[in-house]
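After this come two complexes, each holding chain A, first together with chain B and then together with chain C.
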Partner chain A sequence: MRKYVDLAMIGIKEHTAYLNSVWANFLAKVIYLYMQFALWNALFNSNSGSNIPLSHVETIRYIIVATVISTFMECDVIAWINGQIQSGDVANQLIRPIDYRFMIFSKHIGTSAARFMMYTIPLGILIAVFYRGDLFIKDQLVYGIISILLAYMIQFLYSLIIGLMAFWLIVTWPLNMLLAAIYKLLSGSWIPTVMFPELLTTINMFLPFRAIYAIPVTVITTPMSFDNICENLGIQLIWLVVLFSLSEVTWIVGKKKLVVQGG
Partner chain B sequence: MYLLKMYRHFVGIYMKGKLAYHFSLVFELIANTIQIGVYFAGFMVIFHNFDNIAGWTQNEVLFMFTTSWLTYSLSCFFFWSPMKDMGELIRTGKFDLYLTKPIGPMLYMVLQQFQYTFIPRLVLSVFFWIYSMSKLSINWTAGNIALYVINMISAFVIFSSITVFTGTISFWTIKSEEIVSLLTNNNHGLKNYTDYPITIYGKGISFLLTFVIPYAFTGYYPVGHLLGKDLLHPEYAYLSPLMALIAGGAAYLFWTIGLRHYNSAGA
Partner chain C sequence: MSIEVNNLTKIYKLKRHQKKTAVNNISFTIPTGEIVGFIGPNGAGKSTTIKMMTGILIPDKGSISIEGLSFKKNRKQIMMKTGVVFGQKSVLCWDIPIIDSLKLFKDMYRVPDDVYKENMASFSEILGLDEFIDQPPRLLSLGQRMKADLAASLIYNPDILFLDEPTIGIDVLSKERIRQFIKKINEERHTTIILTTHDVSDIESLCEKMIIIDKGSLIYDGTLPNLKSIYKTTDLEEIIKSIYLAGEEKYAKIC
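This part shows the complex of A and B:
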């Protein structure tokens, strides 16, 4: 256990070593959040009578919570693995007496902890100052936190699988770039998934993306029955199991395929 | 004329270099197409539930921002890549190379490359531009066409000036990549604000987008006027050329000062 904690500490240190881009990153989040806020406010203000699946307040809560979660949810796992495979450094990592995946995961947790302190808390304070009203349903907060943890695991496993594909493809950034755009739309980090047209909702049923943002954010911000909450958490659990199995297979097959470059 | 010949020559060499890795070139183009395509898909999804935003219909908003994106893509073909790299060039000292060329460093940097990754954005913009235009009944009088064309040229100058400005900041050691990203990133850039009518933001932001970083003159004011929208300041619709002149002049001046500053640093 001790060594994984140390690895997480390394993750924190690595992420806080170059502090000069923190301001730009934080400002980017603020610019993005304000645009979302203004956009959805204007949409609701100019279409009062329409039949919209989410209410005005729920939508605003949704986009705020989604943006806050995104400050620590996103990670560089794909880039790390890509970098290590390209530089040949992965060989050094693999001979260590620690499981490679756990090592990446510990570092990922460290990075998220650093991001939580640098972005999530300041952004939270900013929102608390400027946004009047409740952001979450108090009774569902516990389930919401469980849901975020599940989403965090799903996000990691998804990134791990894409990253490990570099064992075959050598570079996965084009794949990552393709998926990033689709991820942005289908995960619900940009537009609430309940607003999707039918076709897109059907497609999304069979993809894991909505388990990363749409489900946890909805559990936190929209009132729902206990059964409904269980159903949502169940969907996340299923995806967790599916992605975990997939990552195991990718890992076992990928390790055999791996050709370390740069001797 | 000799510039055109030189540009053709340079771009020929540049594309040959890029085509050597045609796998990554094709992927870059596909990835960009998907990225921009998803943005349009998201835009459609937003308007799936809503009829209008601040009195603008879906097609009106689409027409406004594709007009702006068109000129933006064209401007980025020339200016985006060199200005994004300015910080890196100065940090590594590679900028000195450009100073030794027999033509001005700016001219050289613009001519020696062609940012083809903006082709998908241009193509998709043109597609949705024509689509939205066919859905709208715009009164295309000679005067309106002239105004529209002049505004597009102005928008090109405004976008280029802003890009040059962000690159020039690198002379004073601030990382230009971050400023470029803050302004033009597809997810969180300030430019995205002008994809929608600027009245949806607070007064401060409207002012910022009008007078400080004049993105609003590339779409909102001229197109709003053309569509007969109720604008914040209708008279601003005619100010785009003036704004372009000011922005262009300021960018030129700023670049010249930056260049002199770099020389005097003796790096």
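This part shows the complex of A and C:
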């Protein structure tokens, strides 16, 4: 167990090694949130929101919660694995007596903890100071947290799969750039997914992205029946199982196809 | 721990229908406690063989047995007892103080406190590790980084140590210290050491046995004195040069 704690600590230290980048990251979050806030306010004020399925308050609540969650949900796993494969450093990870995927996961947890302390909490305080009004449904908060944890796992497994594909593709970040654009739109981290046109909603039904932002944020911010909550958590669980199985397959295939770069 | 390699083969796929046999049907045995020089010209397949022997790459054919254990069944057990130093790649976390990486290995390999302390004391004494232990690798010189890498790979007392060009780019004095250290480890702990290097003086001062490969095939497996008696000279550099040259000419004829 201690080795995993060590790895998590290394994750924290690595993330905080360059203080300037921490500040820049935090400021980026604040500016992003303000932009979202200003944009949606302008949109609602000009249009009175008649043909938007969410109300003004609900939308603002959604984008605030989504942005706060994004501060610790972000995942560097694809970049890590890509970097290690490209430089050949992956060799040094594969000679260890613990599973490569657990090593990556432990470090990711550390990074997320660092992000939580340095971005989520300060951003939360800023919001508490400047935003008047309730952000979440108190009765649903427990389910919301469960949903966030599931989303966190789904996010990790998704990144792991794309990252591990580098074992035979060598470079997967261009693929990731493409996926990142789709991901940002379909996950609901920019725009609430209920606002999507029908076609997009249908496509989204068959993709895991909405399980990462749209579901947890909705569970936290929108009142819904118990059955409805269970249905949403169920969808996340299914995606968790699907992605876990896929990551196993990718791992088995990847290990066989791996070519370590460099002498 | 002894190592037995049988009919090892690795083929890389380059492009469609293009293949390169990096390692071609190699067999050898390394008994416990020996220091073996594993040499060959650039691109001979040394690193590929080492990567298979450390369980990073899966061989296409053949088997590797370490003290009777195989990577398929006993992967973790072997990993616990194997140390690897790649001269050109660091095992240490780039932005993290050396001490944190060492602590990670202590927990990962379940090193008892007293063994850890003892090893740390000897690393400080011989390698001067204590001078830069609180700094991250990115702030260290190459020689310091190499010493830290050696320490990280030996902190858990491995039974087998793979050294892939451990003295590359290191100054003469540091080289000497690193060699002394390797020798001491081998004498005290009977660690089996496989040394890959292009530095002839590394081999002269450390190895009893030599394995030479070229173009993926084994061309010599025997003792250093024996090799010298075959070529009737004590100049190892000359011997190696003529072996490599013969390999090149053979290749030219085939083309």
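Convention: the second predicted complex is superposed on the first by the 261 of 263 C-alpha atoms of A that agree within 3 Å, B and C clash if a C-alpha of one lies under 4 Å from a C-alpha of the other, contacts with A are read in each partner's own complex, and residues count from 1 in each chain.
The definition used in the following text is that contacts are C-beta pairs under 8 Å (C-beta built on N, C-alpha and C of every residue); 3 or more make two chains touch, one makes a residue touch a chain.
Keep in mind that what you see is a predicted model, and the values were worked out from it rather than measured.
In the superposition on chain A, A:R96 makes contact with chain C only, while chain B stays out of contact range. When both complexes are overlaid on chain A, the residue A:D139 reaches neither chain B nor chain C. In the superposed model, A:K255 makes contact with chain C only, not with chain B. Using the contact criterion defined above for the overlaid structures, shared-chain residue A:E231 touches neither chain B nor chain C, since it reaches no partner. Of the two partner chains placed by superposition, only chain B is touched by A:A181; chain C is not.
Once chain A of one complex is fitted onto chain A of the other, the partner contacts of A:R2 are limited to chain C, with no touch recorded for chain B. Contact comparison for chain A: of chain B and chain C, B touches the greater number of residues. Of the two partner chains, chain B is the only one that A:M35 touches; chain C does not reach it. Every residue of chain A that touches chain C in the complex is listed here, in rising order: 2-3, 5-7, 9-10, 13-14, 17-18, 87-89, 91-92, 94-98, 255-256, 258-260, 262-263. Residues of chain B that touch chain A in their complex: 24, 27-28, 30-31, 34-35, 37-39, 41-42, 45-46, 48-55, 175, 178-179, 181-182, 185, 187-190, 192-193, 196, 199-202, 205. Residue ranges of chain C in contact with chain A, taken from their complex: 12, 42, 47, 51, 54-58, 76, 79-80, 82, 84, 86, 88-91, 93, 95-96, 100-101, 103-104, 107-109, 136.
Against chain B, the residues of chain A that register as touching in their complex are 20-21, 24, 27-29, 31-32, 34-35, 38-39, 41-43, 45-47, 50, 52-53, 171, 174, 177-178, 180-182, 184-185, 190-191, 195-197, 200.
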